[in-house]
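This is the structure I have questions about; it appears just below.
By written order: A, B, C, D and E. Residues from 1 in each chain.
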Amino acid sequence: MADPLLELTNVSTHFHSPAGRVRAVDGVSFSLKAGQTLGLVGESGSGKSVLARTIMGLLPSYAEIPEGSAISFDGHNLLTLDRKARRAISGPGIGMIFQDPMTSLNPVMKIGQQVYEGMRHHFGTSKRAGRERAIELLTEVGIPQPDVRVDQFPHQLSGGMRQRVAIAIALACEPKLLIADEPTTALDVTVQAGILDLLQREQRDRGMTMILITHDLGVVAGRCDNVAVMYAGGIVETGTTLSLFARTRMRYTQALLDSIPRLDRPPHERLQSIGGRPPNLIDPPAGCRFAPRCAHRNAHCDTDIPPITADEQDPSHRFACWNPRDPDAEASDKATGDAA
Amino acid sequence: MADPTTNRPLHPARPTLSRFRRMRPITGKSGQFGFAFWLPLGWLLLITFCAIFAPWIGIQDPDSLDFINLQSEPNDAHLLGTDHLGRDVLARVIYGARVSLVVGFCAPVVGMLLGLPIGMIAGYFGGRIDGLIVGSIDTFLAVPGLVLLLLFSLIFGGSLLVVTVSLGLLFIPIFARISRAATLSFNSSEFVLAARTIGAGDFNILVRELLPNVVLPVLAFGLVAVASAIVVEGALSFLGLSVPAPHPSWGGMIAGGREHLEESPHISIFPAIVMFLTVLSFNLVGDTLRSRFADVREAAI
Amino acid sequence: MRYVLKRVRRLVVVIFAVTLFTFLLVNVLPGDVAYDIAGQDASEEEVQAIRADLGLDRPVMIRYVEWLGDFVQGDWGRSFRTDESVAEAIWSRFPVSLELMLVAQVFALILAVPFGIFAAYRAGRTVDRTIATAGFMSLSVPSFMAAIILILVVSLNLGWLPTSEYEPLSAGLWANLRAFILPALAIALSEWVVLMRVLRADLIGVLQQDYISLARAKGLPVWHVILRHALKPASFSMITILGLQIGTLVGGSIIIESIFALPGVGRLLINAIYARDFIVVQGVVVFIAFAYVLVNFIVDLLYAVLDPRIRTERSDG
Amino acid sequence: MSDILLDVRDLVVEFPTRKGLVQAVSGVTFQLNRGETLALVGESGCGKSTTARAVMQLPRPTSGSIVLDGDDLVAAGKRDLRRLRRKFQMIFQNPIASLNPRKRISDVIEKPLKIAGELDAAKRRTAVMELLETVGLDPAVAMDKRPHEFSGGQCQRISIARALILEPDLLICDEPVSALDVSIQAQILNLLEDMKQRYDLTMLFISHDLAVVRNVADRVAVMYLGRFCEVGRSEELFDSPAHPYTRALLSAIPVPDPTVKPKPIEMIQGDLPSPISPPSGCRFRTRCPLATDRCTSEVPEMRGLPDGRAVACHHPLIGT
Amino acid sequence: HAGSHSAARDGGTLTVGVETDARGFDAVKGGVLGVSAGTVSLAVHDTLLKYNENTKQFEPNLATSWVAAEDNKSWTIKLRTDVKFHDGTAFTAKDVADHFSRILDPANKSRSRSFITAITGVEALDDHTVRFNLAHPWLPLLGNLAAPSMIGLIPSSANVAADKQNREPIGTGPYVFKNWAGGDRITITKNPNYWKKGAAHVDEIVFRILPDTQARFASLRSGEIDLIWTDRGGSIQDAQKDPKLVTVVRDGKGAVITFINASKPPLDDARVRQAMAHAWNQTAILKVTWKDTRPFAEHPLGTESTCDAGYRHYDPAKAKALLADYGKPVKINMIHTTTPRGREFGEIYQQLLKQVGIELELIPVDQNTLVKKVFTNDYMISGWRIADADDVGPQTFALSYSKSSYNLSRLKSPEMDKAAFAMRTAADPATRKKYHCDLMRMVNDQGNMQYRGGNRYYAFHGTNTHNISIDGLGVVRVSGAWKDQ
């Protein structure tokens, strides 16, 4: 498995809005090997969904992908394919799950049909076979009474159930890559774990490659091979999950981790907060985009964009920071916290 | 079976709303008002100017007859020709604009002044009051508008005041519906709740919190309402039920020229064109402003 | 079921309110049917005699209660003027109005749906703006003006279609339909715009929904996504409006029916109003109100058929 | 002066809906000591907001008593209630929606003063400015702007200012940070903590995020389908949950540490039952791994545990 | 057209475009028969006599002979014996007596009664002889027996008794009533058993109700309908120019008039009324409103009548002089209908009066209200008409006689009463005419009625339609029509 299944090179996505050009995604590069799971984390508005939609080819007409961007999937450059060939990839090639299960199913179409529709289109499956397959899939994603549910409408299901249906829909065409855009954000914690487990199981069983988008570092920590942290349209740090959490280099990632209240901390502990707010993507800061909020910035940070640097110990761990954190030096005080 | 009441979005303001919906661009229309706005606005200003200053801009007496020049084609003396009584069509079109504009502006105002509070009260208090108001509106709507206008104008006689007021009454349900819908949508919003938690009374909430929010979509509909008021006035005067003779009105002129459509089409055609352009202008200007200032769906109308 | 009952109760209340409302309104009309019956050459005594004969000299409320009693029993009265049974008069004219409305709405839909879809799909582009402008222009031609223009161009100049050739259905479908083309067009010319814009607005909303993205993520072609996934959930408001329009237009196309000489309910009404034949006015207005409320009711039920969310919620409860 | 600021007993809130009566809160009893923060956690739809709003008397509860500092709010007339309102205030989940988009910030914050009868405009203005300063906004810049010119975090600061201007005793926070980003959330949580110190606030804090609750709360109440399952001091409840539901909630929380693998303990199954026809007996029994026949027939009472906690369970996880 | 009878062809359908729907066909119930209903009725029913326009003589129809008694106070009429109603029953003297008795019975409140109050009774002497008894010598009787309106048309008394005459009339005429689709059309079919063989030709006549003149006219030109009538000047001019159309014209009696209410100051002053008469430019309104398709009227006796009625011609100078004599400014108002024609009349009158310094305010009302206001003396000026009749005497009498409730202009003078009475009871036509003319001269002098034009009726049909004529009152006789092809 030498060739990556998905490789993004310098991908940008800009929106034309009345106020100007929104650089929602700006120069993102990463690659993903078949069978791996990538966690894409970041604050709201950091461009995670736009990136996912860019890969999926679901951008609105007023979006623009500047020259020089390339997305290679399974040997095809997705950005240069014609529409028909591109459509042939959606479904069997890449499947997607959306954030809000309440809105991601067609309210006036039966569940079964929504599940087998893709198969019918791509593989010419007959209606009856499609229905059978839909029941199987619903069983697989853990929906009780699947034979009843196929003929029901989405509103008759609870949010968790609907997200399971959405997963079944995505799985129907046996995609090589599954993009799950915050699949549990809108769900209760009790339901969330079940959905994540299901995704993980399916991914493992099918040898699927997966991008799991979330804003919750806790979610990626337990379930992803690699993590990429996004901030203001760019990837600021990426690496294996272990390395990224253990040897956080980027100041932003660390600030994020520090600001989260944790169960293993005493009550009323003062939280580390990040001042300011995310930058305006129409007119982003000239240097490091995190610089205006960073406690460790220096003059360099404000004027020059930090290059992508590899971690000395683990070259696959890369980050973009002028003044990176030294994980070994700060390890001592972190250890005291962990011990508690 | 799952219970739909539990099926609501859980933590709605957390990233549930996709940016793709939140940040809908104002479909293509760029930040500037285009010529589809300025051109009609210019026309409206011209018409309004002519209507207001009609007696002083050197046009002829719209009522004086000329038994020699009956139905004459447009010429130097009569730019738009004369009608079947030898009256100057241009002068009558301009004086007719007075009627159309007065009715067009005032009727929606009447409708709004009455409809807005009614709708807000219904939306705010809900329950019985809402039921009563919605029921009355339903009843009112179930009687065709033109029939009401006909009856009103027969009862009170045709005069500018009667036409304006009765047309205004017809606008009540529309404005009431819009403001009711808007009130409902804001009523459960947290800022209203917040006002309650600090002990604000109903009146205070209605006037201070809700009104500024409700009035915008209602106003946005206003200009479109002007267009339709002009159309309905036209229909009324087409039936001879609007302003009394000899005052000219566009609909009346169109109706009057109908008999001479073949030999002298200009008698009907000119007022028709002017009316068309004016209504179109109000529609265009109104739509531009509406899409700029409020997102009311036509469905409410 | 409870829901249906509730709607029916509301329907009855509205109808009742309409009867009272119109009865009062019609009875304060100046003028007097008695003069109309008597004609210009009658003397005042004769007129008074006719009034007394018709019972017009009694208080309004008593007459209302009597009328209501008869009405409920199916006796809508007889025209003061022509002695025609009101119910019969309405029923014989109703098919004409209904057909006019249906043809008009079919025209409106034929224009509205494709243009609405197109405009929504290309929202903000030139096509959309062109359609919008065309719509506004169409909307700015009042139906009476459209009627005159259509007569002038299509009938008088081109001679393609008759101006007034109503034939009952018994005379053949085409002969019957022919007469409705121009009047229906005159009505549809402004109606389609309303439908188109509602459809467009809803469709734009729907097209931004995640489930449309999901459908596209399945690799389905655009037309499939629009027609199979987007159109249905986007058409509910349009259907409501369609229903409302049918409801209001059944009696509301007074001018068009007059111009095109269609013997419909609208013309019956306007003649009755002019003649102060208020028992007819009363009957027609109540009938129209009934049609309006009923159509709304049907649209509501139709909604339930189309929208599974409502359908199942009701069968649950 | 008693230590108990808020005393809620047998609170019941019902909503008539098209499909039947929803009992959103059915018999909730709790006390709030002065200066303490009580957190309310639970799944969506379990009645947290409804409880909070019932305390605010918006809408007035169906039955039960709510005594605030000696005044019974449920029994209070309309007038009295308005007078009492300055003692208890609330902030909401959606910071942007809780500010009237058409009003200026200064108007938003001074409105409570106006309603409370403070007539001197200059005094109001200084109060507003001071408070803006306190919540971390620059009064000179913020005063004349409108809400949409601020970010979510800033809007939440403004809401907090509005709630505090009358210097209430009790502050109810209904998910004040769930709409905010993690990076902003910490700012607001810190601010609330500061305000609590500064104004001697007693807080009722609602959240579905147990980690947040852990940080802010002195005591925690776990709610399920309109009832309380467990109430106790934060440390004890988090360290050794007594109710199976509390344990399930806790185990479901993902920990941002890749070395801690998600615990494979038994997850609760299924969905929240319909509040229109809740299960008989213990409401959690349909999803509880420990449910027995007793749970079906008998409603578990709130029982005190030795460590001061109370739990409503027939089979608590720690001995009585 | 009469000459071409030999070529008459049977069969086909005649489609007639009419302006208004009928109200009903019962002489008592339906009120006035408009031209539409009158036209239908005239094809379904027969009159006793027929007036020959060319010879100016009455001719037999259902009646075979008629003789007056010595004292001129009764007439005995013999009827045909071979006539059957459409329902198969035989036509007898009883039907005639019943018909007139019913109109005359005050309890029935027939609005036609006022025209024939001179008749004191009608009796059937035997099956086919009937006698009309009169209060005084009364010349207009024969005209009424020939009237193509409901007075002269004899219905089946059985049908009347069954109360079906109004909506399903039965007569003895050449056409049988078939169907009336309210608001749309009335259909009549040829009577196969008509007593006068060969009188009817087309199988069916359809009267289509097309209220819009433009539309009706367009349909005629496109051949969709065969026959229309109209009083719109523009259409008449167009039609007369159109070589594919045949025009049928007939002058009528009566007139379109304006009432000046003599009981309302300042109109109670004759000088004001007279000034208005001189300010009134009938020529202009004939040109503008009617496009000169109506005759100038100096009196309502008809164009053929030679009567010097002393008409006050258009003369603004005289008008101003009269007003100067009156001395006070004159501000008055006028009611008019909301129809285009009503408005136009008001607009013209307003401008004409303005020229002589009278300020006129216009009050639009609908037709029904206008009638009510005129009857209840709640008006100053209003349009009206003197309906056409073979003899308009009864109407002019009622309009002028001081005690008549129909004296709507409220001008009361003993001289006029005297002239009116003399006219009414005159036994020979010449005397009657002289008194009538005297009366009209007084009216013109007083200025309480002014003329807006006489009556002239037009009908148009395509060149393939034949034998259409206009009867008195503008009623079109369609029963003898036939078509080419």
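Assume a contact is a pair of C-beta atoms (placed from the backbone, for glycine too) under 8 Å apart; a residue touches a chain by one contact, two chains touch by 3 or more.
The model shown is predicted, which means the values in this text are computed figures rather than measured ones.
Chemist: So if I look at the partners of subunit B and the partners of subunit E, which chains show up in both lists?
Modeler: The shared contacts of subunit B and subunit E, listed by label, come to C.
Chemist: Just to be sure I understand the contacts, which chains border both subunit D and subunit C?
Modeler: The common neighbours are A, B.
Chemist: Rounded to a whole Å, what is the gap between the Cα centroids of subunit A and subunit C?
Modeler: Whole-Å distance between the two chain centres: 53.
Chemist: Determine the centre-to-centre distance between subunit C and subunit E, using the mean Cα coordinates as centres, and give it in whole Å.
Modeler: About 39 Å separates the centre of subunit C from that of subunit E.
Chemist: Measuring from the mean C-alpha position of subunit A to the mean C-alpha position of subunit D, what distance in angstrom results?
Modeler: A distance of 32 Å separates the two centres.
Chemist: Go ahead and note the Å separation of the Cα centroids belonging to subunit D and subunit E.
Modeler: One centre to the other, that is 89 Å.
Chemist: Counting only residues that touch at least two other chains, what does the list for subunit C look like?
Modeler: In subunit C, 30-31, 124-125, 156, 209-210, 213, 313, 316 touch at least two other chains.
Chemist: Could you pull out the residues of subunit D that touch at least 2 other chains?
Modeler: Each of 19, 44, 208, 271-272 in subunit D touches at least two other chains.
Chemist: Can you list the subunit E residues in contact with two or more other chains?
Modeler: Correct list: 214, 365-366, 369.
Chemist: Taking the complex as given, what residues does subunit D use to touch subunit A?
Modeler: It comes out as residues 43-44, 151, 153, 181-187, 189-190, 193, 208-212, 214-218, 234-235, 238, 248-262, 267-268, 271-272.
Chemist: Using the touch rule from the top, collect the residues of subunit B that touch subunit D in their complex.
Modeler: My answer: residues 2-3, 5-6, 8, 10-14, 189-191, 193-201, 204, 208-209, 212-213.
Chemist: For subunit E, which residues are in contact with subunit B within the complex?
Modeler: Touch list, subunit E to subunit B: 213-214, 232, 234-235, 238, 281, 284, 287-288, 336, 338-340, 342-344, 346-348, 350-351, 362-366, 369.
Chemist: Please give the residue numbers of subunit E that touch subunit C in the complex, ascending.
Modeler: These residues of subunit E touch subunit C: 21-24, 26, 29-32, 109, 111, 114-115, 166-167, 181-185, 208-212, 214-216, 218-219, 222, 224, 365-369, 371-372, 375-376, 384-385, 387, 395, 398, 404-406.
Chemist: Which subunit C residues qualify as touching subunit B in the complex?
Modeler: For subunit C paired with subunit B, touching residues are 10, 13-15, 17-18, 21-22, 25-26, 28-31, 123-125, 128-129, 132-133, 136-137, 139-145, 148-149, 152, 156, 194, 197-198, 201-202, 204, 208-210, 213, 237, 240-241, 248, 251-252, 254-255, 269-270, 273, 285, 288-290, 292-293, 313, 316.
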